[in-house]
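Heads up, the next two complexes both have chain A, just with different partners, chain B and then chain C.
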Partner chain A sequence: MTILETSNLWFKYSGGSEWALREVNLEVSEGEFIILAGRSGCGKSTLLRCFNGLIPHFYDGEMIGYVKVCGLDTREHPPYVLSQYAGMVFQNPDNQLFALTVEADVAFALENLSIPRDEIRERVDWALKIMGIEELRDKSPLELSGGQKQKVAIASILALRPKILLLDEPTSSLDPYSAKQLIDTIVELNQKYRITILIAEHRLDMLLPYASRLIIIDNGRIVLDGNPREILEKNDVVSYGVSTPRVVKVATQLKKVLGDSSNLGTPLSVEELVEIVRRRRYQ
Partner chain B sequence: MSTILRGLQFYPGKTIIHKLDPRVKLVISLLLMATAMMYIEVTIITIIVVTEAVLAIIAKVFSRWARTVYGAAPLIIFVFIANFLFKLSMPGQSINLQSIYEALQLAYRLVAFLASFSIFFLTTTPEELGMALTKMKVPYMYTFAFISAIRFTPILAEELQSIVDAQKSRGLELEKGNIISRLRRYIPILVPLMVNVLRRSYELAEAIEVKCFGAKKNRTYLRELKMKLKDWTALSISVTLFILAVYIRYFSKIVIP
Partner chain C sequence: MIVFENVEYVYPNGFKALNGINLEIESGEIIALMGENGAGKTTLLKHLNGLLKPTSGRVLIDGVDTRNSTVASLSRKVGIVFQNAEDMFFSPTISEELAFALNNFNFPEEVVKKRVEWALKFMELEEYRDKSPFLLSGGEKKRLALAIILAWSPDIIALDEPTVGQDILQKEKMIQIIKQANQQGKTIIISSHDVEFIADLNPRIILMSRGRIVKDGSAEEVLTDIQLLHECRLIPPQIVSLTSRLDFLGFKPKLARPEEVAVEIARRLR
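Coming up: the complex of A and B.
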């Protein structure tokens, strides 16, 4: 079932001379896990902002084409309506938390929507639970680590019960360990709670094994869109400013050493590569 | 300055004073101040200060409370000198013990003022303050501004520090020269700080948009203040004492030493 679609979408920021998005045609089905990759400034963030109505309602500019989120045209519905379908988490967790306790932050959006208190309580409990941060409930955001803050930011959006979660480089300010933990939680949201994920991210190594689809954007245009394994097998993504995951590089080198008949394929995780090599040894 | 600010900082606590409704605490603080306004006599002000000290001890914040009052010493001395000079400038006044004593009284009264505010802030979370503002029908826009000011002050302080460090490591010398050249040296600190603040405010605006800020006219609240028995008790005791103080001052013939 299509949950998100864009049709011939072009966007230019007011005051900008270049199109930030060019001819974007995209169809997303419910339950997908999509990585948006590309060099900084390629249009990933702009595209994400089209999915929750920040474009065209918050940012001025010229927009051609349309975006439909769960059947709602983003030109006709304000961000506060669209956010209940497609919730957005930004890069810097500090700028997404406004309250003085975690609980108040998670309740913030629901209070704004004047949802009854009992339901707020229920949804806050649920969001804290699925993010695994119930013990942080009464903490101040100043006491939290970067990874914890980003989890609170995600919980505060999840409380809106969106079907789609948009994440704009959520791990960029985190150390590798916290980034891994955050990504594991995001994967769980997708696999266990069937939330559709669109994530703009540079850390492909950690994400690729879970992604159902990889979209590479260059200069505002979707240049590659499809199964991550196939894309990495057939294309040199480095020219689009995307770093090839290390395990793919290792496999490519091994293929050179072992010859084309080695049948290594394109493993996306270390575990996968080890499994392939082990199977070959016993053949 | 920093000592006074520290006195206004909140430390979580579980004493009966912490758990009182912030509105009641605010009323008590204001009543203590009003009492100090009515009386100038050293005996009464001492009674007020001692009462405040007892409250601070019950709330287990005595040392921090005392530090705030101590930190306010320059202000108190300033008030004393200003009053003293003002008295001298009146026609027909000369330096005598009486005028020193009167200026001292005014400065002492200030101690009672500050001390009462300090207890309030030391035992009330900013969040409770926000809830109290909401209950007092202050529009949410202002409460939100207040809460986020408190939320972002430490972050901005941290940012300021890192800009200072970065500029110092590029050779900026802040402690050199006279006042004018020193102020000029702060420009490379203030410009990046302003740029950062502007950028941050844009990101914040985006984030509150996504979180449906201002979506509905009537906002709901997850937590709300409720007056309990202990709040009513504390309120009635302090109001009674205040009425007594008013009576003694204006309607009785008791002479205060």
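Coming up: the complex of A and C.
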């Protein structure tokens, strides 16, 4: 089922001289896990902003084409409605948190939507539980670590029960260990709760093994869109500013040296490559 | 030369961020400070130009005790690019932003002009010279912040998490800039938990955890100590994870280029 679509979408920020998005045609099915990649400034963030209505309602500019989120045309519905379908998590959680307690932060959007008290309580409990941060409930967001803050930010979005979670480089300020934990949680949201994920990221090594689809954007245009394994097998994505995980480089070189492209496949993680080498060793 | 002697630093709220730091950095070294968020990396960097003064112990920059010096005079020698580059901007245009510190240091006008031109060109920011620094993208802001520091040419350049939000092409460029500045004799100190970036740079690594130095050695030594990295909540570079799990081919954990590892795997498979 199509949950998100864009048709011939162009966008130019007011005051900008170039189009930030060019002729974007995209169809996303429910339950997909999509990585948006490309160099800084390629249009990843701009595209995400089109999915929760920040564009065209918050950012001024010229928009051509349309975006439909769960069937709703974003031009006709305000962000507070759209964010109940597609919720956004930003790079810096500090920009998203402001209440005195974690619980109040997670409840905030729901209170604004005049949701009944009992339901707010139920949804907040649920969101804290699936993010694994129930013990942080009474803490001040100010005293949390970066990774914890980012989980609270996601919980406050999840409380809106969106079908789509949009994440704009959510791990960039986290240390690797916290980044890994956050990614594990995002993967669980996708696999266990069937939440559709669109995540913009520079660091692909932790994410790639879980992604159903990789979209590479260059200069506002979608240049590659498909199965991550196939894309990395056939293309040199570095020229688009996308870092290929080291294991993919090892595997590519190994194929050249061994001279048989058919058997190795394209491993996306250390585990996969080790398994391939092991099989070859003991075959 | 930079010397830390038994440095402790306690923030006003009672948090002890540095707990007995002893460290010597020679001129012309490249150093990476690694460790999880909160390990004390940024606090340590802030001691280099006197923004923070030790609660006990002392920091010497080329023999000068930072407690007896001002931030203004130390800054001539030590330039710090903070993680959030935007925090240092306030001028209406990018060229004015670049000129500000130079004017403050009383460089002659024609030198200021020349260095601003050089910095704009070097960091590929020429086309934005008359724009507000706040209109730049995240990656461009980082480049501007670094350009500002490079323009007044301090002997010691400290970079706090320079790769956050940077794509792979910008990271490659960052490595070039760091190496180039180093070849000109600059001491470079980088705080980072980007293990792949640091593995590429291959510097001396000082690994920190909870305000202490837990290991000080070559990139190879530190980044292949998987157990210790784990204790410091860092994840080893992919190449190290890979080689550590190829023990059945006789591999030991090591840091190498992907191409070398591939050739080595092929050789051992034959």
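In this section, the second predicted complex is superposed on the first by the 281 of 283 C-alpha atoms of A that agree within 3 Å, B and C clash if a C-alpha of one lies under 4 Å from a C-alpha of the other, contacts with A are read in each partner's own complex, and residues count from 1 in each chain.
Here is the rule we use: contacts are C-beta pairs under 8 Å (C-beta built on N, C-alpha and C of every residue); 3 or more make two chains touch, one makes a residue touch a chain.
Nothing here was measured: the structure is a model prediction, and the numbers come from that model.
S.K.: In the superposed arrangement, which partner chain does A:99 touch: chain B (first), chain C (second), both, or neither?
M.R.: After superposing on A, A:99 lies in contact with chain B but is clear of chain C.
S.K.: Which partner does A:90 contact after superposing on A: first (chain B), second (chain C), both, neither?
M.R.: After superposition on chain A, A:90 lies in contact with chain B alone.
S.K.: Let me test your reading of the model: by the given contact rule, A:29 touches which partner, first (chain B), second (chain C), both or neither?
M.R.: The answer is neither, since A:29 touches no partner chain.
S.K.: Does chain B (first) or chain C (second) touch A:212, or do both, or does neither?
M.R.: After superposition on chain A, A:212 lies in contact with neither partner.
S.K.: Taking the superposition as given, does A:246 touch the first partner, chain B, the second, chain C, both, or neither?
M.R.: second
S.K.: Contacts for A:238 in the overlay, against chain B (first) and chain C (second): which applies, first, second, both or neither?
M.R.: second
S.K.: When the two structures are overlaid on chain A, which partner does A:117 contact: first (chain B), second (chain C), both, or neither?
M.R.: A:117: touches chain B, not chain C.
S.K.: Along chain B, where are the residues that touch chain A in the complex?
M.R.: Result: residues 125-127, 130, 144, 147-148, 150-151, 154-155, 200, 203-216, 218-224 of chain B touch chain A.
S.K.: Mind listing the chain A positions that touch chain B in their complex?
M.R.: 52, 54, 57-58, 78-80, 83-84, 87-88, 90, 92, 94-101, 103-104, 107-117, 120-121, 124, 141-142, 156-157, 160
S.K.: Chain C touches which residues of chain A in the complex?
M.R.: Interface residues on chain A, with respect to chain C: 38-41, 91, 145-147, 169, 172-178, 180, 202, 205, 238, 241-243, 245-247, 249-254, 256-258, 270, 273-274, 277-278, 280-281.
S.K.: Under the definition above, what is the set of chain C residues touching chain A in their complex?
M.R.: Answer in residue numbers: 36-38, 83, 137-140, 161, 164-171, 193, 195-196, 233-235, 237-239, 241-242, 245-246, 248-249, 258-259, 261-263, 265-266, 269.
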